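I'd like to ask you about the structure that follows.
Labels run A, B and C following the written order; every chain starts at residue 1.
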Amino acid sequence: MKTGSKRKLRKVTVADIPRVGPGTPAGEWFRRYWLVVGTTKELYDIPQAVRVLGEDLVLFRDNNGAYGLVGQSCPHRGTSLEYGDIEDGGIRCPYHGWLFDTRGQCLEMPGEPKDSKFPQKVRHLAYPVREQGGLLFAYMGPDRANPPPLPNYLALMDRGGQRQVEPVRRADYNWFNFFENSADPVHVCVLHRHAGYGQQSWGDHFFSYTDMPDFEFVEMDYGMKVVMTKPGPRPATEFIDEMSLALPSIVQVGDTEFVHARMDAAALINEGSRCDHWMFVTPNDDDHFMLFTADNYTGPVQNFFARLKAMRDQERPVQEVKPYDKRKHMPYKGNVRQEDIMAQGTQGLLGERSEQLGTSDRGVIKFRKIVLDAIETALQGGAPKGAAPTDPATGITKLDTAVGVREVNG
Amino acid sequence: MKTGSKRKLRKVTVADIPRVGPGTPAGEWFRRYWLVVGTTKELYDIPQAVRVLGEDLVLFRDNNGAYGLVGQSCPHRGTSLEYGDIEDGGIRCPYHGWLFDTRGQCLEMPGEPKDSKFPQKVRHLAYPVREQGGLLFAYMGPDRANPPPLPNYLALMDRGGQRQVEPVRRADYNWFNFFENSADPVHVCVLHRHAGYGQQSWGDHFFSYTDMPDFEFVEMDYGMKVVMTKPGPRPATEFIDEMSLALPSIVQVGDTEFVHARMDAAALINEGSRCDHWMFVTPNDDDHFMLFTADNYTGPVQNFFARLKAMRDQERPVQEVKPYDKRKHMPYKGNVRQEDIMAQGTQGLLGERSEQLGTSDRGVIKFRKIVLDAIETALQGGAPKGAAPTDPATGITKLDTAVGVREVNG
Amino acid sequence: MKTGSKRKLRKVTVADIPRVGPGTPAGEWFRRYWLVVGTTKELYDIPQAVRVLGEDLVLFRDNNGAYGLVGQSCPHRGTSLEYGDIEDGGIRCPYHGWLFDTRGQCLEMPGEPKDSKFPQKVRHLAYPVREQGGLLFAYMGPDRANPPPLPNYLALMDRGGQRQVEPVRRADYNWFNFFENSADPVHVCVLHRHAGYGQQSWGDHFFSYTDMPDFEFVEMDYGMKVVMTKPGPRPATEFIDEMSLALPSIVQVGDTEFVHARMDAAALINEGSRCDHWMFVTPNDDDHFMLFTADNYTGPVQNFFARLKAMRDQERPVQEVKPYDKRKHMPYKGNVRQEDIMAQGTQGLLGERSEQLGTSDRGVIKFRKIVLDAIETALQGGAPKGAAPTDPATGITKLDTAVGVREVNG
């Protein structure tokens, strides 16, 4: 494996990871997975232009409730289907009325002779779309007629408990700056020391700037898990806080701010795992991405997501901005999300920026290797790592990402 | 001709048509015609920066009433003549006072010795300009000292009747998307079915979405004519509605909205032809163009253009725009011009977009061939097709573009 | 010298002068001088992003009062140090807390093991900075550990009299359009004939549009001096007005508007020289520059700079702007600075624009040669021309730029 890996790294390098357009190594790799391209809640009765992996597309729900994701440019004369009319079992181009169904099949050409066979010969670019738990997934890979099965993601299953899908968030920097940020526990203790953790019984203790947790990085079938630990409240126990990175671009955080803030240590055993908090990253192109968040909470707290939102709303930047301070991202300190946007949004592209990495960067180093291996596997026609079903009985894909206190054996 | 045409098409392709910069095939071809670059009404007592065929120029009227079109960048040290002072028989650069007349001849250099011969040696880029009926035409071709004659366009001649020149319209997409749109009758029945035609006794009947007119495309000396017909109100008659496309970029529409809306069929014989409705397209560059419209109405209706304007003012987009609908061109339905801007403005560049053309596209297919032949002719040093004098006696150029009811022979 | 110069001009041409990025000929040459990158007055207690010669940097004053100019991108993972915290003897990256001093030395890495030697191995890009008279100079040349001495510029020395540093001015065109403008006396008589000179007893007479002064251009050790003269008020006298251009980018004007406007001729002998009026040009990149102005007045007028400001405030553009006049730089006539911005800002890049130069351009022709020689000298490893100490005793660098009336010998 070491030897093979060396050979691979000569061909695909970290500079390839951030670039996802058609024909790029990472672009080919990404096109082996189902990707989130929208949410049912934010898709209205009009076509929605969406750029995915550098391709300009239109997402829509036809008048039978089926979802479609088709090329934005009409195959006839190029007018944008973003202005198409959703009617008659498809989307109709406004220029000459060509009608396409969700598979891209042309159904009507009003200007052609009534008996023309031309419509049935025209098939527009279309990617299959599946709905799961309020998220809309598309498969943009090679065999679109027979796509691989869409995994049953635990956070998206209806299995009791409370669920929510957040409104999509959009960012104007490279997707991998965001994604690999989760392979880097130090930044939580440094960048986020200004944020709400300062008022959190758990988070404040665990992610201390002056006493950082230990961390290790475990390669998993689905990608990598970050395991952060500290000595526990009793002998032979430890606090544990985990994050999972599933390929190509899913982050599961063991906690939410709620858990970190509220729980007393004694009550924490396995409590964190009761909230599945999944984030799906989808690159629009090399400089923009969308972030879709889905949660499933199965613990005892009532109105969990309303309380979580209330906590987040309190977490406003507390930074005083002086009159002469015109810096773009000000203020950012005091809000985890804005802190991340400032730090990741000014990094530039991996492979273009120069870097000097230390031992505390071993998480990102390891994770980049895992991603490069997956890209190589995809380029060689294999099945790259990713979040596969973990329970053969139910077919459900779970990322076991613990937060809490656990007993230490030996 | 067929053989020659085949050989030509290997050299110049449809991808060349939209690109008009200096040195491009279509750019060379365009530079064989007089082009509209402004109107007398919108040219004030200050220089007017104007980009034509990718060249940055300045249009002005000197203090003797002569028109000039010169390079924007002063040949001395490059300062923009858009800020020149119009005085002393020319335009004077503000930086060092060099004075140029409308032929580009330098008349004065205040900083040079009084007896210097340098001014008479400096000739700035200048294109000849002619005024006709309120439009300003420039010739940017090879022999600017001996340009071809400017045709006497019928709509611009003073021959009684009512005349108007509309304010220039500007668009930020390729000129050919607009121009070839007139070779495509189907779009009128589809795209414009939402517009005012729905309240028009003629237009509504003629351009029906469910019962489109027949159409044929006739190659003409000046370019191509689109002939649309439907069975007439009496036996052995037919409704006819024509559009003419004269090279390089003139459209004459047989009707105006006024004719389409108001007239009863019995009164329509030849009535359409009483309004010459010419549109002159001038590319600024590959992504922008200007549209100049000149009309001449010789029929009996009083205050024809005031009535026409009142009709157009009524034709507002009627489309309801929902709160979540942030699409750029919304609303567009219900106004012919905005419908065109949406459809043509999102097409992208011919030759860059992919297309699948049907039998109803035979108009644009034929027209592109005519344009390609003209480009080839120009590149080989010949005189390309264009709107030439049609009446040797008067030297007037007429595009006979009928609207009305005519008798059918046989 | 002539022969050598010819050979040089084949290698470096005027097209090289405006381009100052890393690795370009003029960029290498510029990096042999101390350059102004900020002022003490406009540098606050936050990092200041500044682009210099095409490099993105951050200027800051640490909490010990030392100045630093370091690469904007953190050498660790690239986050912008514009958002760094100034504390603990340096600037700390917000992402992982790496701390750098003004020499670029890494002092702390909070995430690395406490005994790590990694911090001392990391040295970030840093340029030495020196303060002089309120201006902050940086040296971006090859031997940054042993930079050449910073000249003691007369206008920045505290030697009695009144001093001021103006707020930085910023422009969005090439630095050399501004700089060589001072080698061109004709523009004062033409472009600026609309400005305050019309109400100035001296300036109006001297810089007359219809009776321009004589001028000659003298190569100096520091660069070039422009000497403008006119017959004086008495026999055997002449009015004189000089400007100095010191390499790489300093302009000293013998006068200020104040002198030009107020003084009667009899009182003018050497009066102009009592105000040292220096302008330091620093390119941000090829399309932007900063202009730093420092003055030292040693004459008898009380509140000299307040009076000067009052004069400038009166000098507003007087140009009537008509309702249809949408030109970007309107109005500009009547204000010297806005006249310059219009003229220089529309020139385009030297080497890209075409030019036809006359005898009155012999100043810019000569100056370009001087600059090209200096670039060649720098590229060959020599010490290019520049403002060196002129008084060995005090080490002070003076540019003797006279304004006034002087006696003419012979």
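Points to keep in mind about this one:
The working rule: a contact is a pair of C-beta atoms (placed from the backbone, for glycine too) under 8 Å apart; a residue touches a chain by one contact, two chains touch by 3 or more.
Note that the coordinates shown come from a computational prediction; the quantities given were computed from them, not determined experimentally.
At the interface between chain B and chain C, two copies of one sequence, fewer than half of the residue numbers in use appear on both sides, so the contact is built from largely different positions.
Overlaying the C-alpha trace of chain A on that of chain C calls for a turn of 120°, given as a multiple of 5.
Centre-to-centre separation of chain B and chain C, using mean CA positions: 50 Å.
Chain contacts: chain A has no residue touching two or more partner chains.
Only residues 184, 186-187, 189-191, 209, 212, 322, 324-325, 327, 329, 332, 339, 342-344, 346-348, 353-361, 364 of chain C touch chain B when the two sit together in their complex. Touching chain A in their complex are the following residues of chain C: 44-46, 49, 73, 75-80, 82-83, 94-97, 109-113, 116, 118, 122.
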